[in-house]
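Here it is: the structure, laid out below.
For clarity, chains are labelled A, B, C, D, E and F in written order, and residue numbers in each chain start from 1.
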């Protein structure tokens, strides 16, 4: 178990249940994943997180699949097991192919490597990048 | 200065200079940025890093601009100042608009936030994500 | 299992057992949690860690509950599953209510988000903050 | 400079300027710090970040000074230079004494140390912490 | 399970199987660990990673045991459970004694602590270190 | 400047000055680097940190140069600019050659890369590593 229990629909407050139902409607499924059931202990935090996530991940100048892959990249760099699983699943559902997944991982790995090399070298930033 | 000096063309070994010249040719500019000049102290590491970066960032199932934005996302999560600057500059050069930049930052920030919330909650991964 | 076995009272050295007994006395329980049983392979490291922890977490200018919540915050940012669990449990034992837990998580999530935004923006530090 | 320029009041859009003015009113100062001036390139992101920060950091079950110290703790663990500076300054403004600052740092350092030890040991979480 | 299935020898492509067999030959065992079986979905990434790992970890100016301990140190700081387990096992196989393991952990913990203290203090780098 | 001022010998308390003088004696130099001058605001934290650092970094089952390189590895993974600079300088002073530095960086970079790949793949730990 986590640091709090997962709340069922019956255990959730009315405010939390309303968010669960918005998640269901937005995703076209009855399933509400564990993250939201854990967050439901604090309905205001649940509401703020869901509303913001929906806005940030909506189609815009970047398409939703690119946003999911960015989410996977950040979650991987931050070492978040849950988030890597949930957003990789979401990216696959939005059309990420095995080839795209392989390239995503290759870029993440390459970035982590050069991030570490630069940090070990403490290379000063080129003026050309700061203009 | 960094933990090693930046090597000029004159100071670099022949092997390192060969990599500098490949970088110039690939990018269509005489400018070689500081990261490569620092790495040049170890020509084998310079060679391996450049060869791999070129392969990973080449067009494939993901387009180069998406790859640059993924690089920025990882570099931001890893807190690498140099890499955030250099890859944001590269993304702009490849067509990232201010609107795309804003959405990139919004996704990075959102992911960082939910990564932290999930970690604080220690939410167990749903079976649905592991199938 | 971890990278080392957990040592029982019988397996622990006399020096390690002495620390176990201090932990029991300080906490008013016979239970010694896994971290200390793993550390017991190196009695000097066990001793140094326990002595320092006891001093750092003692009441002072900050009260023990605030210190536990700070510990949770750092452990969450560092992605330490064990530490998030153990220090969240400790904070609850010291009086952290569900409302306080919710606010703790909200601050952790908000900080993670703005940390990421600032890093992506590479915003220079205001002179006003450095005086 | 950062990856985007800092926007003056004159350069900011009307929506962004409205947020600047709310920040001024909330803090009782004409000064708007660099983070907000960088975020102003994306008025929607600026608005969402400010509105959420204001809500999260408001007095509640935790007092504002505790929240600022938690913010410092997370920002330190995440290695965010800007955030460490800005939130340490904010904590001092809210009454953090040198003694409190010293204890805050000691807890942050201790947590980082035991986080690393546990991770190196891969200690399994005690059932007692998961109930 | 992970975000991809582990590929058996039968499921792996010819290119991936060739890497599996090189790993077996280099290590003198029929066992191929899970990391390689997961990477095998992208044979080019598998090949590049194995070739580079073999080169980096070969005896050189640093001996292989020191390199394994450095790998454990980085993996611990990055919070990578799999890598801490696999490289601690590898270090033991190369001769790391319990005393060496204890000192390795003590250094990792000490470094994590002072990294955090310095970051919280934002101590400027001495000119003496930058010459 | 950092979040606290650097204390000169004149500004330091008697307890802090005693630590400064121990540092001078141990290192055979009059120079006391900035980290200690910042820590001196909290003489108890200064004392505890110096005493523990001295014990951890002393010759033992691992030699002091290996310990310094491990310190650099952790500091790099944690993104601590000050610590990368100070411990790289210390490693050079203890005999780290340019070839060793190059290999140290290569291992750090490789570990960071495979840490990220494993995390993105969420590869389960082999039973063989957990025995």
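Some observations on this one:
Everything that follows uses one rule, which is that a contact is a pair of C-beta atoms (placed from the backbone, for glycine too) under 8 Å apart; a residue touches a chain by one contact, two chains touch by 3 or more.
In this text, all values refer to a predicted model and were calculated from it rather than measured experimentally.
For the pair subunit C and subunit E, chains touching both partners: A, B, D, F. With centres defined by CA atoms alone, the chain at the far end from subunit D is E. In this entry, B-F is the pair from A-B, B-F or C-D that repeats the interface of C-E, since more than half of their contact pairs coincide by residue number. Computed centre separation for the pair subunit A/subunit D is 21 angstrom, with centres defined by C-alpha atoms. Our note on geometry: subunit A versus subunit E, Cα centroid distance of 26 Å, whole angstroms.
With centres set at the average Cα position, the gap from subunit D to subunit E is 34 Å. The set of subunit D residues that touch two or more partner chains comprises 1, 3-4, 45, 49, 52, 74, 76-81, 84-85, 88-89, 99, 102, 104-106, 108-117, 119-122, 130. Residues of subunit B touching subunit A in their complex: 1-4, 6, 31, 33-35, 38-39, 45, 49, 52-53, 56-57, 60-62, 66-67, 69-71, 73-78, 80-83, 85-89, 97, 99-100, 102-104, 106-108, 110-126, 128-130. On the subunit C side of its complex with subunit F, the touching residues are 1, 44, 48, 52, 55, 130-131. Interface residues of subunit C, counted against subunit B in their complex, comprise 72, 76-77, 79, 81, 84-85, 88, 104-105, 108-117, 119-122. Across the complex, subunit E meets subunit A through its residues 3-4, 41-42, 44-45, 49, 74, 78-80.
Of all the residues in subunit E, the ones that touch subunit C in their complex are 79, 84-85, 88-89, 98-99, 101-102, 105-106, 109, 116.
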